[in-house]
């Protein structure tokens, strides 16, 4: 448990570097950052936040079920959470596609439509931040799905190995927390 | 404590999180100047605290783990505060 | 300049002498703090050598007061020096208002200097003694750092930003000038000469150096040829902020904040126009970041500064 | 520490997450030393024994030490003449970048923690292994993958950014293999995080019964403090490198000044890691010195709690001082003032340690065997390095000496004079424990003295060079500086030979050294209660600790008479 928390601490500081970047540009160029943020898809971001919060709930419930040795509910809840996580990635992909068509996503395609250089900077930060988060999501989904599968075929006996579920759950919650901060910092800068 | 009561509490926390999400989105449509940033980050902190405390079971962990969690928050805030101290006084 | 090894580099300003005094004083302090440690280690190692009879009764294993005193006393002494050095440092950041401004543009791997009269030089900087000189510096590519050892000053030169450095040289002579921040392949050849001249010599040097027009006049030329005057000029049809009397004044921005129209603000407005938009004007200014280089921006700045005393004329 | 044997308790099995369970019948096998338990390559490369992993690290860091040293030798040879006749501009830039990258990430950071920390931490706290033995092995593999990338960079022509990778030079202008180098450091960062995490959990969960926090050897305290930094600082470096690589590969970085990017943002992130990283390098060395001084004097370390707490204080305050690398960078004047003040604060705990070591020697029974000579050398060089660090923290002076040879001399005094001396001290102190053999005391003492002298001759002239205005990373310089440069290169020759010396007599001792016995120095500490070399699972039965650390009084009574 302590080991996992320490690992999470290092993850937090990993994203901390990105938040430091966001903070820097918010302070240096408040207006341009607000303008750039306003062009993002607030509602997709909100929907994604809701998806993640709900999946976190499912994971918390799954941990509880695992503690009590309830095999089937635990597996079902974990699969559900992984499914919601997958939904998040799908929405994210839709969002990226829209942004590519708008000429907002750097690194893809040749046509860009940035209203200012600072907006390009902001979108770079947005891409690295959300991309890194999506990479963490992918790992998390794989872990949750793997857990659900192993619980389902009894290779992970419950409640004896409930700690494993709890530790993986911690990781998922952390990915959720990171998004909880990314969302206002990137989408809601006003 | 019974399974149901535990589950009910988690669901209540989830409802609170969704409420906060609605609040933060709604808040972004009002122009409050610096208030927007404070509101956005404040709500994010509240959400993170709820997740940590209930979903991540920090309330049942040993003091050591709590220190680790609080320490992390202190660390990252230190970094952000000292960097902004430079930016704001340049 | 004597002997095989000079222990002090040449001094060309009062500030240099002050830094040397600070260093000497502080060195004395650290010697006072460390030599007893070295001496005691040697003495103990000899006196209490294993197998050698010595009085070893009542060895101490802890003593809180001793601990606290050797933590606190050196710290307080050091804090005294901290205050001293802080005062010198603050001085370095407060150029006098009447300082002569010289623009510096660093570029891999050369230093370019522009005097207000329009004189330009590369890798050589001539300044008059007894006059406060302020260098306003920026870089065309990577981070450089202007280092003049004889003045004991150094300041990084950043791309996209102005940094300043000021000094009053008080001894004529030729001194070294170097880039101190690693800037790529030929970093160690990015050196030059800092020449402090008496006022008369400096005036002669200024007169001899070729100069067709002052910096501000060159800026006015760019202002016309690059089309700035089309919007910001008196006959403009576009609604753009007037630049007369702008320099040094507060500018209300669209977001409600207020910026000061200093060098950095004007530079950013030319190269990153959308980042800070003056209140009441549409955000229509195109960026000039691929059109103007830093030297031209410096000239434009000199021109806009020269308009500081004129009263704003609202375009019709 | 006197140790009473307790009955085998199941607590140890329950706690040691990765220890394979042993039946009583296998105890005879357990007594076999860890070196003889298996001779196949497989038994080394897939071992989870912390002691074998420590030896894997010892071989690897030594290898990188010599690559980095070769780069340094090239530079010193090139600097003999002001025109730099040996190397091209580009070649020199690549040499010092390589030297910095290898020495910092592939030698100094892993040196003491991964070799001696790995070997000794479980022995010192009475455990059979680290908390996560497999993670420990993975961490070595990750380190080697990073190392392979570095070697690959060597073959493909190098990097020319300096080890600091300042943007926009690194992200947009440099010619070398910046992305590969960033990948190498990125990868080795994970190894650091794993090790740090492993140490923290081990100290918390695997201490033997009776091994309270107040009884931990100071070596363990300093490694605990180091681990905190490893876990919390390394990820910030990781993200900075990711951002540089993203900018170089895809043009999506956030530092581009043409877009309004702030070049100082990278420096803030980089030094948020790299200043604490300096403490990663030096804290373990401080821990080693505490052990050596106590063993040399046969006395408890003076003011145990002050020394232990100062390690933690250095780790914490060390995170607040990074801005002192940026006094002339264009950072705000007010921020510089705050960072300068905090940098002076962090000197206090270091000062406490030095004064306490000196007081420890008072009325001791001081032995001048090689490890203790190294320890004395360490104290001397560390004090010079630390106090010149205070000069650098003085704002007005730093404006002059920043980015000159003064800085180079200062950090070499800390890292080479300090950490490398402590590394050799530790090697000479625990060599009999690791190998079971004694080495030649005469040769050991000679190499300690030569390293000390050679070091001072190499680096003291650089303080003078720096104040005279010789900027660092210069390959062509003003002819006026030549005398000092030649002195420095002469010293480097002595230093180089002195570093090679131990390899000769230590290798010789492997075959021909006398058996050391469990406790050749008459020292306290659980590691000296087991055989040399230690048995595979360290302790037959988990010891119960009943006495404070450095409890030399019992032996002293007979000795002093």
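Should a chain be cited, it is by its letter among A, B, C and D, assigned in written order, with residues numbered from 1 in that chain.
The working rule: contacts are C-beta pairs under 8 Å (C-beta built on N, C-alpha and C of every residue); 3 or more make two chains touch, one makes a residue touch a chain.
Just so we're clear, the structure is a prediction, and the values are computed from it rather than from any experiment.
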### Query
Any idea whether A-D or A-C has more C-beta pairs in contact?
A-D
### Query
What is the distance, in whole Å, between the centres of chain C and chain D, each centre taken as the mean of its C-alpha atoms?
36
### Message
Need the CA-centroid distance for the pair chain A / chain C, whole Å please.
### Response
43
### Task
State, to the nearest whole Å, the distance from the C-alpha centre of chain B to the C-alpha centre of chain C.
42
### Summary
Where chain A touches two or more other chains simultaneously, the residues are 2, 6, 9, 13, 16, 20, 24, 28-29, 32, 117-118
### Query
So which stretches of chain C touch two or more other chains?
272, 275, 289
### Task
Enumerate the residues of chain B that touch no fewer than two other chains.
64, 72, 75, 79, 83, 87-88
## Note on the structure
Every touching pair of chains is listed here as A-B, A-C, A-D, B-D, C-D
### Query
Contact residues on chain D for chain A in the complex?
131-132, 193, 196-198, 200-201, 204-205, 231-236, 238-240, 242-243, 246, 250-254, 256, 258-262, 265, 268-269
#### Entry: chain B residues within the chain D interface of the complex
64, 72, 75, 78-79, 82-83, 85-90
### Query
Can you list the residues on chain D that touch chain C in the complex?
84, 89-90, 92-93, 160-162, 164, 166, 168-169, 172-175, 257-264, 297-300, 302-306, 327-330, 333, 336-337, 340-341, 344-345, 347-348, 351-352, 354-356, 358-359, 361-368, 376, 379-380, 383-384, 387-388, 390-391, 394-397, 399-400, 402-404, 464, 467-469, 471-478, 480, 483-484, 560
### Sites on chain C touched by chain D in the complex
4-9, 18-19, 22-23, 26-27, 30, 33-34, 37-38, 40-41, 44-45, 48-51, 54-63, 66-67, 70-71, 74-75, 78-79, 81-82, 85-86, 88-90, 92-93, 108, 141-143, 145, 147, 149-150, 152-156, 158-161, 163, 176, 178-189, 268, 272, 275, 289
### Query
Given the complex with chain A, which residues does chain B contribute to the contact?
3, 6-7, 10-11, 13-14, 17-18, 21, 24-25, 27-28, 31-32, 36-37, 40-41, 43-44, 47-48, 51-52, 54-57, 61, 64-65, 68-69, 71-72, 75-76, 79-80, 83-84, 87-88
